[in-house]
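In what comes next, subunit A is part of two complexes: it sits with subunit B in the first one and with subunit C in the second one.
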Partner chain A sequence: MEILVTGILLSGTYALIALGLTLQYGVARIMNLANGETLVAGCFVAFWLYASFAISPIYGLLIIAPAAFALNWAIYRFALRPLVNRAKNRGMLEVDSILATFGLLFLLQGLMLLSFGGEYFSYTFLAERFVLFGSAYGLNRVVAFAAAVVIALALYLFLYHTRHGTAVRAVAADPTSANLVAIDVARTAAFAFALGGALTACGGALLSTFYTFNASMGVVFTMKALIIVIMGGVGDIRGAVLAALILGVAETAVASLIDPGLTLAATYTLFILVLLFRPQGIFGRQTT
Partner chain B sequence: MLRRTLLALAASAATLAMLPAAGLAQDEVLKIGASAPKTGPLGGGGATSHWPNIQLWVNDVNERGGIKVGDKQLKVELIEYDDKTSAEEAIKNIQRLATVDNVDFIVTPYSTGLNVATAPLIARYGYPHITTSAITDGVEEFAERWPNSFWMLGTSRELAVGAAETLTRLRDAGHIGNKVALVHVADAFGLELAGAGKPALEEAGFEIVYEASYPFGTQDVAPIISQAKAAAPDAFVGFSYPGDTFALTEQAQIQGLDVGAFYVGVGASFPAYAGRFGAAANGVLGAGGTNPDDATIQEYRARHKEVTGAEPDYWASAVTYSGLQVLEQAIEQAGTKDRAAVIEAIKTGTFDTVMGPIKFENNVNRSLWTVGQWKDGVFHGVAANGIDGAIEPVRKEGWE
Partner chain C sequence: MNLTSHEIRIGLAGAAVAALAATLPLFDQGYYLSISVNIMLYAALCTAWTLFSGPTHYISLATAAFFGLGTYSVGLWINHLPYPVLVGIAALVSASLAGLVGAATLRLSGVYFVIFTLGLAELVRQLVTWAQAKFTTRMGLYVFTDMTEEHIYWMLLALTVAVFITGWAINRSRLGFAMQVIGNDETVAKHVGIDTARAKIVLFMVSGAFIGIAGAISAPRYAYIEPPSAFNPMISFLVVIMALLGGTKRLWGPLVGVVPFTIVMDIVSARFPNHTSIVIGLAFLAIVYFIPNGVTGLIEQARAKWQARQTAVGEEKAA
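And then the complex of A and B:
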């Protein structure tokens, strides 16, 4: 039971890391390598708001989300749109966007180093005991998990039960056909990219309540997000959540029952199994 | 005629203005090169323990008017590069410092791995290499292989044995029982420490009731603490790195791991640790230590804060600064920029540093702190080799 709860809490963390990227990659077709840096930037802003203005990271989300949305919109509009316009096919856009966001990674990292320095940062927020079924868990992790659930549900309702959301999914499925049914693909893609960035930054703000972070840690999160996104099926929210859940529970079970040293091995075994038997991801659709 | 003179004057004025100021002054300086992580996995450690001390030392030396080389007083000019925590990058940096920048001396890189990776190259160029953040059981062998290298932070063995001895003292004083939970990060550092620490604990009569390793970079340690807790240990020992040091402590606090001794590795001596855990840090044991009551250390800490704006840690910071003092005094004792002469001076001399007098035995420093303990926001050394001022360790009383 304890393993299950710990695993599910961990999966909430993973979902927060990966949801943004699945939107950016699945809909906007931008393989955003700076995903982790966006997340760490969220950590830093949350830390800064908390340390300088005593704004709790939860309320901080109200500032961080719109700011990240605007910033990512601008990044897409000015840095990535030209790549989209010039790309002849999806493969070319992927290569170009990987190169462009690779540069963005260093830019963001450099800016964070410049403004905060390279030290480790960590603060205390809700590091209290939360007792569930007789075992104690960190309240900050429970809160982050709850937030992950709320975000994932809201995203699901938006994508599957609203007109605008359907348009986003249509672009994810097939940009050319979406264009034919009068969906403004360019606008929708920019929206998806900005929304993905906002989600990632929110994830960072929540993560900062229990992770020790520094300016150069982004790549760790990008790796994790990539695995989850590819396992779940590119662009599918349900897949990302399910993949996060599987990874979280599997890692915790392996760490508790076998050896904590094998958590990475467990992650990559699952990853390989998915790639072998469902290369398109758990919820991904077969490419024709 | 007048016009031509004016034109010539204007032209020469313009040329003069364009000349860099240094070109005109042309004062002889002592060029010091530094390469260490500013980014990458070790960027955090480098920014806490390494770079601020270089900044402080350069500031101190230049404030004094420079280093006395023979009959000249030379100011220090620092050339610094980020090695991105990559050995390849570090090697390129050293090469550049030696061949392009032609620096007079090189400051040690940061961490065991990067020091060992760059040691052959630094040896080939003949620079003195005073390591202050490398900790490995290979120091004697390395010191023999590269006679220009000096090792100030001791061995993994000393650090692990220090931890075991501290637990033994706590047990003999009746504060804790015999059962120990031992975890370590699964990389060279954690493996060496666990490899030396486990037999040391067993020889001292401790029983290891839980043992586990975890991959580098792990911060989700809830299962580790809950398994350790299930084994009902009297003491917890974690040979950990900063990220996991913080995570292990937080989980121990949340899950109420009730032990009389809680030891964690690198990061426990960071000021951020006390900042993060406040009163709950009281009684936590960790790698490192200083004597905060010592006047020299107090003065050093105050200056570090004043010049760099950050608090030094309670372990490698003072060692790093001491290493630079050794270099400075060796240059003055040798009275020349000649590297071989300076290496000889380091080998034979005794140096007056913020950690007290330092003398190398076969290129290895034997005077160092091994274990410290938090007490009201200050990390006091509780175990050391060859240094006085250690205080008696106390039992850890809860996490509130």
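And then the complex of A and C:
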């Protein structure tokens, strides 16, 4: 039970990160391998706001999300749009965007290493006991999970109950047809990429309240987010949330039952199972 | 075996270059030998990488995993088995891992492969660390041999030559022909009856085996091996940059990228150790935006343009 609850609490933040990536890959068609760096940047900004201005990370989201949105929009507009225009087919764009976001990954990582150094950071925020089903958990984990649920719900309402959200989903389904029904595909893709970045940064800010972070841990989170996205099916919101839950619980189970050093092995086991049995995602349909 | 005179000429030229490179340790034993070992190491790694990633266009980030397995094979059994046997084991272990990874991912689209290999080195590192902590009491391994830098240099040179000969032999074989068809159009390849997944997996295993051998050869250089240094993910990224910088259309393309970039990285890590990530990031971006086909691609483009102009001028004169 404890494992289950801890896993679910952890999966809230995972879900946000993966939702960010699934928007970027599913809608904007950019495999953003620098996603983890956006997350780490979110961690550092939340830390900085809390340590220097005593702004609680929860309110900090109001600053972090718009900032990440603007930054990611600029990245898409100026760095990735030329690649989209240059690519002759989807495969070429994939290779190009993978290489370009590798570049971004190292560039951002290098900048963060320069400004914060390689040490591990953490801060104390709401480090109180919170009793749930008879066992105690950190209040910060519970709050982070609640915030993640609120953000994910808002995203769901936006995507499924507004005109703009429908346009985003249309581009995810088929950019050419979306174009035919007067959706500005280029703008929607830029918007989705920026929104994905904002979600990921929020995930980072929430993660930083209970997790020890450093400048070079981004890749591991990119990896987890990628696996969640594939497990849930690219561009699928519900799938990503469910996959995040599975991953969070599986990781916590392996960490507490076998060895904390084997979390990545747990992730990979899930990944291999998905590749072997459901490469199209949990809810995905088989394509021919 | 029937060789054309062109092939014989290239072979002789290659042999001459290799022989010249082999004399290097006679001139210098210090800094230049040390950096040449690095260059030779990356030459072997990048050529082996291109063996697979050149024709398939799949970006493999598994280099560090194979390399680490190679060093570990030597580290674990150096006191029990003769060195050449260990090199063989390294090749076998790496090829088996490549086979497993290939079987899981190469049947699907390329993105899955990239993602899988992205975390592979880290995964193997976790597993090795865990197994070591569980079954032995020490964290690192000592490798003491009589081998010096120049021995390692010669072995890496021999390995690079072996990779080239293998690449050339593959190009002449059915597998090479199949890869050409797959590289041009995978759907066509499937329709003419090529088992595309099998061809890719075999090629990946060959490439992985060579990288494992390179790791085994480098093991004596470290003297003390522990998981974080053996499975350093940076190796994978550097190999990708150097190979793409040189160009992957030809097997010798990566060499053009290896020599300058190893020297640049050596200078950067010595003078600005905190800026290495930034340099790597900028290198990736520069390759994507300015030289997507590598330096050899640029040279070939320029040559094609020059030739086109030559023929155009010739035609004008004739008219």
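Quick notes on this one:
Criterion: the second predicted complex is superposed on the first by the 269 of 288 C-alpha atoms of A that agree within 3 Å, B and C clash if a C-alpha of one lies under 4 Å from a C-alpha of the other, contacts with A are read in each partner's own complex, and residues count from 1 in each chain.
One rule holds for everything that comes next: contacts are C-beta pairs under 8 Å (C-beta built on N, C-alpha and C of every residue); 3 or more make two chains touch, one makes a residue touch a chain.
The structure displayed is predicted, hence computed values, not measured ones.
On the shared subunit subunit A, the superposed partners subunit B and subunit C overlap sterically.
In the superposition on chain A, A:95 makes contact with subunit C only, while subunit B stays out of contact range. When both complexes are overlaid on chain A, the residue A:251 reaches subunit B alone and has no touch with subunit C. After overlaying the two complexes on the shared chain, residue contacts for A:220 are found with subunit B and with subunit C alike. Of the two partner chains placed around the shared chain by superposition, subunit B and subunit C are both touched by A:261. In the superposition on chain A, A:123 makes contact with subunit B only, while subunit C stays out of contact range. Shared-chain residue A:200: touches no atom of subunit B or subunit C.
In the superposition on chain A, contact of A:271 is made with subunit C only, not with subunit B. In the superposition on chain A, A:38 makes contact with neither subunit B nor subunit C.
Touch criterion met: A:113 reaches subunit B and subunit C at once.
None of the stretches 59-67, 131-139 or 293-301 of subunit C clash with subunit B in the superposition except 131-139. Across the two superposed structures, the residue set of subunit A contacted by subunit B and also by subunit C is 109, 113, 220, 259, 261, 263-264. Note for the complex: subunit C touches subunit A at residues 57, 59, 104-105, 108, 110-112, 114-116, 118-119, 122-123, 126-127, 129-130, 133-134, 233, 237, 240, 244, 274-289, 292.
Interface residues of subunit B, counted against subunit A in their complex, comprise 37-41, 43-48, 51, 85, 183, 186, 212-215, 217-224, 226-227, 242-243, 246-247, 250-251, 253-256, 267, 270, 272, 275-278, 310.
By the touch criterion stated above, subunit A contacts subunit B in their complex at residues 2-3, 6, 9-10, 13, 109, 113, 117-124, 127-129, 135-138, 141, 210-212, 214-216, 220, 251-252, 255-256, 259-261, 263-264. Contacts from subunit A toward subunit C in the complex involve residues 31, 33, 79, 82-83, 91, 94-96, 98-100, 102-111, 113-114, 219-220, 222-223, 226-227, 230, 259, 261-265, 267-268, 271-272, 275-276, 279.
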